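Two complexes follow with subunit A in common, the first pairing it with subunit B and the second with subunit C.
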Partner chain A sequence: MNSFVAGYIPLFDLYCLHVGLALSQYIVLRVGVFSLATAAFAGIGAYTAGILAVDLGMHPVIGVIAGTATGMAAAIFLSIPLARLRGVYQAIATVAFIQICLSLNIYSENLTGGAMGLNNIPKTVGTLTLFIFAALATYLIWSLEKGRIGRAFNTIRQDEAVAASLGISIRKHQMLAFAISGALAGLFGGLEAYHSYAIDPKQFGFHLLITILSYVIFGGRNSVIGPLVGAAFLIILPELARPLAENRMVIYGIMLILVINYMPKGVADTAIDALKARKLKARGAASS
Partner chain B sequence: MTALQLTNLSKSFGGVIASEAVNIEVPAGKIIGLIGPNGAGKTTIVNLITGMLPVSGGTIHVGETDITHAPAHEICRAGLARTFQNTRLLSEASVLDNVMIGLHRHETSSTFAALLGLPSAGRETQELRTQSMELLDRFGLTEFADYPAGGLSYGHQRKVEMARAVATDPDFILLDEPIAGMNDVESDALADIFRGVAKDGKGVLLIEHNVRFVAKLCSYVYVLDSGRLISEGAPDHVLNEPLVISAYLGGDDA
Partner chain C sequence: MLAQQLLNGLVVSGVYALFSLGFTLVFGIQRILNLAHGAVFMTGAMVAYYTVDGGGPLWLGFILAIVVSGLLSVLVEIICFRRLRKTGDEEFGGVVSSIGAGLVITTIAQQVSNTQILRFPFETFPVVIFRFWDLRVSMLQLFMAGAAIVMVLILGYLFYKTAFGRRVRAVTDNEHAAMLMGINPNRIYSQTYFLAGALAGAAGVLVGLAFNSISFVMGDPYLMFGFAIIILGGLGSIPGALLASVVFGMVQTLTIAYLPSGLTDTIIFAALFLILLIRPHGLLGQEDAGNLGGRR
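Up next, the complex of A and B:
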């Protein structure tokens, strides 16, 4: 039994890390910004934390805080030119940003280790730490969602003109969403660095972008449950059988095509909507 | 007494002049009509006032405050609210949520409290919910509170939009053809609500096609044709002017 559990711990670690990144992706989509920059922010956080630990021997707490701060700073910086773009142009610009980060990373070999990556990072983060941070991130997004900021985000996503006519500042809220997205990605990037001994540039590229986006699209974009469910499904499912695990990306592709076609809102949101509709119907029947 | 004041307001789209030196005053506590044939430039004026289109010339004042070039969300905070000619609700959100957003302008809990879900933020949400339910009650929409707004009839959707605009607690409210597509019973109910809003001391600019409805409600009427004001004054006077009648009938000398 114990060895059975132990076998799944790496999977649980991965889940906690990716929940953090999925929430980072989720929060920008939530405010109507089609940014895909989470992978880049995660890389910035991971390398900041890694370099501080390896080159300067800093305490991991400082490293994680610095990773969070640089991820957030990069996001706020990126939000300024992005505010002028909409939709697919934002996506293109953010993919370009990921590419720029990758190139700079490989180019600054002295600092980052270039294509070889950064090695010998002391492992200071374990399963419990990851779990606590994933839970905190979930709480943060959940509480934000049910209050004033969540309402403003929803309005902006659905109709910017209406939002402005009701006194909601689009720029301020989109920048806030970016700051949160960058901070979360930087934080979980930093945790990843301290959890895995080594990081390399490829880890924070196109592959990660697709993986994270899949979680949110699969799970749903309108409630915090979406990314949690999406990450759980897409991480566990391929593990059920060896051949599936070897073709993880193929499985993701097939499942995404199915979900986008049959449940465009994602698995969790579709379920939540169905529950709500049923409740209203039951009440309607009771009152008539 | 404050007023919403448009002075020589002008706008052109490329070569097309959508408004030309328009002067309109909406005093607090009054319902002012703005009528004119399709394409006269009525909606454009609402868009200029609310900052959804940049102004080409002239000024817009709320009391002493110049809002001519203020961004849209600040214009709302200066005390202006509008409805849209083609109702624009958040169609997937519930009726209650649609009205609650209108109260955004008055939310005071700090960003920090909202982020961390502190009790002060929770209390505020609760408070807003109560206020929104009161508004829904006033508009006769209580039974629809939990339904998605997009599923309601046009008449009800317009009322929800009106409730949302009133929720911002504006000093001036701009209504762009609010009774289009409604039957007489529905429009009479709305007329009572407009009168109530004006009685509360708010200025109302009512854009409407239905001349009878305007005559019944407004104390003063402006008539717009091809971007220019061709007449203004008390309704029974204005609506009998040959120039106005011909603009409506579309002929030059009717």
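Up next, the complex of A and C:
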């Protein structure tokens, strides 16, 4: 039994890390910004933390805090130009941003180790830390959702004109969402650096972007449960279907197409809506 | 030296033009950013390789590549976008859905090619080099430039001089009105996607021949460059995409020749970012990026 559990710990670690990143992606989609920059923020956070630990021998706590701060700073910086764009153009601009980070990272070899990546990072983060942070992040986003800010986010996503007429500042809220997104991505990027001994630039490229986006699309974009369920499902699925594990990306791809076409709200949100509808129906039947 | 670089740049531009014309065509007509376009491009190169590998002549490979990538592109449209268009969520959904299609195609290609870099056998395309004045031009470069020009001319003819072109432009303008005029938009979409895929497939074969290396990831950088080109040219604008391809091919060749090579991508994507902010409608585009959502 014990070895059974031990065998799945790496998977659980991965889940915790990716939940953090998925929440970071979720929160920007939530305010109606089609930004895909989470992978870049995670890279910035990871490299900040990694460089601080390897080159300057800093304490991991400082590294993680610095990673979070730089991720957040990058996000706030990026949110200013992005506010001028809409829809697909935001997606293109953020993909360009990821590419800029990637190529700068490979170019500045002295600082980041170039294409070889950053090695020999002391491993200081364990499963428990990851779990605590993932839980904290989930709680943070969940409590945001419940309050005034969550409702403002909803309004902005559904109709910006209505939001503006209600006195909700679109720019401020989108910047806030970006700041949270960048901070979360930076935080989990930093944790990843301290968890995996080595990081390399490609790790934070297009591939990570797709993986994270899949979680959110698959799970659902309208409630916190969405990214949690999406990440769980898409991480466990290839494990369940071992022979298919090599084709993980085919599964992701087919899932993306099917879910966006037939269940555009995502699996979790569709289920929640169905439950709500059933409850309403039962109540209606009882009262009539 | 400079003249030689400019000449090389012009040949590269031709390939970019083939790739991004299809990309921009699809965006222009459907407002869908087809991220599977890079995978279609890669498929073209693969088909040509396996035809030659199986003993077929190169011209057959070229034709097969064009047909197969065209059909694949139509398939992507039917599977990924047709349903989304009805629900009206094509802008966000289209990106997601085409990322999915791209993943599926590249992973299958990865399995087929065993994650290896494939090379055409030596002298698949005869190595002949012409010299005039001080310039060196290989037969392959001439062929690339010629193929690109011919295809662009055919596309221009189809698009601006035929009934088909008028139908496409009508659907682009207003799908509903076009439908009232008796045009079946779905059919137009399939035809445009076939054209776009065929162009991408041709570009794939040319790139595969030119660098003699074909791999399942070869589409990714071109997809990224395609972004830059169609933004620079103005989304959906065909002359814009042509002009931007030339600018882009030149800039890329010159930066590789004269600047530290690691920075090429940084410069290109920083430029893309700036263009998006300063002139979102690109060089020749008319539509403003800010208005696209229609909700602002």
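Following the convention adopted for this analysis, the second predicted complex is superposed on the first by the 288 of 288 C-alpha atoms of A that agree within 3 Å, B and C clash if a C-alpha of one lies under 4 Å from a C-alpha of the other, contacts with A are read in each partner's own complex, and residues count from 1 in each chain.
Assume a contact is a pair of C-beta atoms (placed from the backbone, for glycine too) under 8 Å apart; a residue touches a chain by one contact, two chains touch by 3 or more.
Quantities reported herein were computed from a predicted structural model and do not represent experimental measurements.
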Clash or fit (per the criteria above) of subunit B with subunit C on subunit A: fit
Touched partner set for A:Ala161, first subunit B, second subunit C, both or neither: both
Touched partner set for A:Ser143, first subunit B, second subunit C, both or neither: first
Partner chain in contact with A:Ala53 - subunit B first, subunit C second, else both or neither: neither
Vertex subunit A; arms to subunit B and subunit C (CA centroids, nearest 10 degrees): 90
Which of subunit B and subunit C A:Ala96 touches, first, second, both or neither: second
Touched partner set for A:Val28, first subunit B, second subunit C, both or neither: neither
Which superposed partner A:Val88 touches (first subunit B, second subunit C, both, neither): second
Comparison of subunit B and subunit C by subunit A residues contacted: C
Touched partner set for A:Leu118, first subunit B, second subunit C, both or neither: neither
Minimum C-alpha spacing, chains overlaid - subunit B and subunit C, in Å: 9
Residues of subunit A at both interfaces, subunit B in one complex, subunit C in the other: 159, 161
Residues of subunit A that touch subunit B when the two form their complex: 139-140, 142-144, 146-149, 151-152, 154-155, 158-159, 161-170, 176, 280
Of all residues in subunit A, those that touch subunit C in their complex: 34, 81, 84-89, 91-93, 95-97, 99-100, 102-104, 106-107, 159-161, 206, 210, 213, 217, 246-247, 249-250, 252-257, 260-262, 264
Residues of subunit B defined as touching subunit A within the complex: 50-52, 71-74, 76-77, 81-82, 84, 88, 90-93, 97, 100-102, 104-105, 107, 109, 111, 114-117, 121-122, 124-125, 146-147, 164, 168
Of all residues in subunit C, those that touch subunit A in their complex: 31, 33, 79-80, 83-84, 87, 89, 91-93, 95-97, 99-104, 106-108, 111, 220, 224, 227-228, 231, 260, 262-266, 269-270, 272-273, 276-277, 280, 289-293, 295-296
